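In order of appearance the chains are A, B, C, D and E, and numbering begins at 1 in each one.
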Amino acid sequence: MIASKGDRLMKNVIEIQHLSKSFGTHEVLKDIDFSVNKGEVVCVIGSSGSGKSTLLRCINLLERPSGGQIVYQGENILDNNHNINNYRTKLGMVFQSFNLFNNLNVLTNCIVGQTKVLKRSKSDAENVAMKYLKVVGLDRYINAKPHQLSGGQKQRVAIARALSMEPDVLLFDEPTSALDPEMVGEVLKVMKELAGTGLTMLIVTHEMEFAREVSDRVVFMDKGVIVEEGSPEQIFNHPQNERTKAFLKRTFKQ
Amino acid sequence: MSIDWIISIATENWEMFLRGAWMTLLIATLGTVFGAIIGLLIGIINTIPKPERGLKRIVLKLINIILGIYVGFFRGTPMIVQAMVVFYGAAQAFGVDMDRTFAAIFIVAINTGAYMAEIVRGGIISVDKGQFEAAQAIGMNHWQTMIHVVLPQVLRNILPATGNQFVMNIKDTSVLNVIGVTELYFQTKSVSGNNFRYFESFFVACILYLIMTFVVTKILHYFEKRLDGPQNYQMIDDLEQVEGKKA
Amino acid sequence: GTKDAGSGSGASTEGETKKETFTIGMEAGYPPFNWTQKDDSNGGVKISGNAEYAGGYDVEIAKRVAESLGKELVIVKTEWDGLVPSLTSGKIDAIMAGMSPTKKRKKTIDFTDNYYTSNYVMVVKKGSKYEKATSIQDFSGAKITGQLNTTHYDVIDQITGVKKQAAMDNFPAMRVALESGVIDGYVSERPEGISSSAANDKFVMVEFTDGFKASEEDTAIAVGIEKDSELKDKINEILKGISEEERTEIMDKAIANQPAAK
Amino acid sequence: MSIDWIISIATENWEMFLRGAWMTLLIATLGTVFGAIIGLLIGIINTIPKPERGLKRIVLKLINIILGIYVGFFRGTPMIVQAMVVFYGAAQAFGVDMDRTFAAIFIVAINTGAYMAEIVRGGIISVDKGQFEAAQAIGMNHWQTMIHVVLPQVLRNILPATGNQFVMNIKDTSVLNVIGVTELYFQTKSVSGNNFRYFESFFVACILYLIMTFVVTKILHYFEKRLDGPQNYQMIDDLEQVEGKKA
Amino acid sequence: MIASKGDRLMKNVIEIQHLSKSFGTHEVLKDIDFSVNKGEVVCVIGSSGSGKSTLLRCINLLERPSGGQIVYQGENILDNNHNINNYRTKLGMVFQSFNLFNNLNVLTNCIVGQTKVLKRSKSDAENVAMKYLKVVGLDRYINAKPHQLSGGQKQRVAIARALSMEPDVLLFDEPTSALDPEMVGEVLKVMKELAGTGLTMLIVTHEMEFAREVSDRVVFMDKGVIVEEGSPEQIFNHPQNERTKAFLKRTFKQ
């Protein structure tokens, strides 16, 4: 249903060139080149501290990159005269810690961005919100406040909120790692369904099984650089780089 | 101190006491409300993200410095002096003839605003960073983030501190009699000056102060409870009943 | 005096249709000179912006002054410390609050001729050893105080060996201090002394045969006005018309009518 | 207002001003410190877990009610009235002749204690429940839990509010002149009563007030920073260097 | 090293009889009978909300049971005249959220209970603390404050803190579920080592692989009752009860 949206001319939804990011003297991202194609599902894996979250946060400018370019629709959005807020509406973000608006109920969480940022009418916004709340299976909980929901439900609402903005690409930063094992399943199920609809998705995850199953491309990061990328088959079954091999060995058994 | 005296003072002067209490409540309430608004505005302005360079950065820095001076000055000097300077100083220097009650509310408001600015700052800091990020991530600008997401949560957090401020204002209006506002403290002084019964007169006033602060505290506690919603989380079974409203 | 022309209260500039006003400031809490009352009995005058009335010696004199000026009397109730700023900032036309025309005050504001002259007394506790004092030197070793920023406090130094206490803000506080025994007495003026001892049977007023030395300006009471005001001569003219007997009569009436006397 | 006057007032009366400022600082500092201690004690007592029945429960309830009345009363009535009642009331009723400075510190302390009790309550609530549970789980009693685990964390949390209280106390001591304490406000009134230069005298006083509140605020900010430790977490590599100290 | 500690006469370290707990009208534990033997490692599994945490919290009286008995050394410690704090020193607790004392450094975290509650001397306490900090591999971090440690390190300190009290039994409430996948391993490794030393442990966990490996007995809870208990082999490979089967099916695949 989302695949049918607008006609995009570019094959790359976003293209990142020579991206770097330092915190003080600590260089966290080093000369990253990377792009996401339309309709593609990309999973980013790598050990803790390798810069996965920072990459995602740089892409939607929650962190200001120290260098490089982020090209969206042919323009470098790091130029000063670019409307950042407009660009951000094109990228939906799902956080590890949900970050639902605590003061708003489920429905309003999915509406507020539409009416205030996209300037949709209230009834349009409600229809869109209900549509995506149905997708995540939470259309019956619209009056609940975030604190009344379980973690899995919260994360599904967060996905619906991101979808309601009808973005070009959805970014996920470890969407299941704050969840109880039983709730992981329900969120991954929703994400699998979304991946099946042709939505463009960029997912940072520790769930290797899930990554293997849904992704068109897997990116392995280590110490601020992209060490290796390729199909799940390539990365998981035939890793080339020593670091990739070591990482996969570590995570697949404890 | 004698009960007879207290009763006779209360019955003979109840109108003066009540009018004084009313004036106290008026000034304290409006002063607190406007002060809270000032504090919230400063909170919004203070947290505007500063670009790394450029004119906007300089302007923002300048505004923050000015607001810092405002807060420092009004927190740092006694309200009685502020009242004198504002009321008499404005008249002397610019020939402005302010209404006394207006001046009183104005002074309490800017004074409270300075305190509230600090309280709001603390409140904004205590809101989870994720709330800001989530709002930014859907493209909200600073103003929208603040109005729709952050401030509603800040308001809940700062309610207790605001209540303290309100209670203090009820008592601190007493210094405003230097600009001729006849609030409860001044009225009581008149009564005790007339009847030469200091303790008895102030006993009556204290009862009124206690009633006012007690009622204000209770009202604010009620609001806190209401804003918190039900303390125990609802069971899913119950929650599903909300569906009736929609869909 | 930094005030521009056009003195007078805000209302007076309105126009000719309304009667011009004569606005005075007082504490309305220093009987028998001035006090607050609930109604207009005994010649009480409404306090501006307030539901109460002011009465007392100052009010009676002010009524006469206003009448002779052909203006409407307006009374503003203000804390003692607010009186001088009120005048210099033009909020009021005159201070009539039992204020003495001291040299220090004259540096900032002008005073008319006196409209009452009293003498210093001491208020002490009944039954204390000071009750029978006739000379101020009998208070050697006593704990004595007076109101802050008044001559009452300054003259205490004339008693040798006195234990001068910190000055106090207002009369109610001094009365509390005296009654509680923290001080042995406070310096006052005759009318206040009469009122205090009448209202509280634990107090007596001590009058001296060998009293405090003071120039007239310290014990007299005058109308405070802005420097170089044209009101000065006008008010002086009016005050001349109130004889000494009349003043005593008004004061006696004020003492009899004050709220605590009921 | 003229600069010449300000300079001449400051140079002629600097001793009076400084003595007043010193007294103000003394009363405010000691009052705040003792008030904070009172507040902490009440905080500890208030959070003693109540058994479900029995005498201990009744006693605890009773103590809490009494403490509640104390807080309500001193928060609810003006300090100036409290000062009169304590100082003169004690003299009248029991013939106690308190030292004025002692009385002033005492009054500021019990007044501050009432406010601090509420602040501490808020601070204790904001400490993570897990901290209490972990302490209980290793067998600590209420007192040990509070002293070793909770209060050190509360102290950090309430430092800003305590700073506010301190600053307020610096200003609020001005009402204590009814009991004859010659603090800064009273001294300034004396000065302005002598020269009748109200604005100029208070300008000098305001400078002193601002210096005092500014310095106090800075000192407290410094403490806050120190208690927080380094803002960026240390890297493991750096951390390993601590090993030198031990083992 | 811990097995060599004191001589206990009882085979049961703690015995729980007819334990029940209600929050308001909500009955969370219903008539639980349960005991832990000396040297035994017991894992408690069950779905979210089944009452596992509540059971653990009732055992060390963080929650006051509504009914039943907790017998320790032949005495019902729910009797009013029992010294609760003394009893609690016999039970070490490791929480999901670590709950290290934020204001104290690593070493002091492990010392404060020993000196203040057990009244050990400072130097004795330091020796004991260092011993157990070595066990968890953190003796080099004694000066660090909790906020400077990673989650896995925090949890290891929490274990050392509990061990330093030299309790009769260690209670764990989902000790790894707040951890990043990479850190789970380091904590489970420490726990496995402890289990090997003959320490008595009662572990609530969602890590089924781990439970299978370390436990002498597995207890499955559902809706406030113990549905089934037995050896790991019995429970995981031959569950008898329908609810157990359903739960295991749900958790072993997503």
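The criterion applied here is as follows: a contact is a pair of C-beta atoms (placed from the backbone, for glycine too) under 8 Å apart; a residue touches a chain by one contact, two chains touch by 3 or more.
Predicted model, so just to flag it, every value in this text is computed and none were measured.
**Student:** Once the contact rule is applied, which chains count as partners of both chain A and chain D?
**Tutor:** In this structure, the chains that contact chain D and also chain A are B, E.
**Student:** Just to be sure I understand: going only through chains that touch, what's the smallest number of steps from chain A to chain B?
**Tutor:** Step count on the best path from chain A to chain B: 1.
**Student:** Measuring centre to centre with C-alpha atoms, which chain is farthest from chain A?
**Tutor:** Of all the other chains, the one whose centre lies farthest from chain A is C.
**Student:** Between chain pairs C-D and B-C, which one is joined by a greater number of C-beta pairs in contact?
**Tutor:** Looking at C-D and B-C side by side, B-C shows more C-beta contacts.
**Student:** Can you name the chain that lies farthest from chain B, using the mean of each chain's Cα atoms as its centre?
**Tutor:** Here the answer is chain E, farthest from chain B.
**Student:** Chain A to chain E: how many Å between their CA centres?
**Tutor:** 37
**Student:** If you average the CA atoms of chain A and of chain C, how far apart do the two points sit, in angstrom?
**Tutor:** 79
**Student:** Take the average of all CA coordinates in chain B, do the same for chain D, and state the distance between these two points in whole angstrom.
**Tutor:** That pair's centroid distance is 21 Å.
**Student:** Show the residues in chain B shared as contacts by 2 or more other chains, in ascending order.
**Tutor:** Residues 84, 89, 198-199 of chain B each touch two or more of the other chains.
**Student:** Residues touching two or more other chains, restricted to chain C: which are they?
**Tutor:** Chain C, residues with two or more chain partners: 81, 85, 173, 176.
**Student:** Of all residues in chain D, which touch chain B in the complex?
**Tutor:** For this pair, the touching residues of chain D are 72-73, 75-81, 84-85, 89, 115, 118, 122, 160-161, 164, 167-168, 171, 174, 185, 198-199, 202, 205-206, 209-210, 212-214, 217.
**Student:** Can you check the complex and tell me which residues of chain B touch chain A?
**Tutor:** 52, 54, 128, 130-131, 133-141, 144, 148-149, 152-153, 156, 229, 233-234, 239-240, 242-243, 245-247
**Student:** Which residues of chain B touch chain C once you look at their complex with the stated criterion?
**Tutor:** Counting only chain B, the residues touching chain C are 13, 15-16, 19, 84, 87-89, 91-92, 95, 97, 100-101, 177-180, 182, 186-187, 189-196, 198-199.
**Student:** Which part of chain C faces chain D closely enough to touch in the complex?
**Tutor:** 81, 84-85, 104-105, 107-109, 145, 148-149, 165-169, 173, 176-177, 179-182
**Student:** Of all residues in chain E, which touch chain A in the complex?
**Tutor:** Chain E reaches chain A through residues 47-48, 177, 180-185, 188-189, 206, 209, 250-251, 254.
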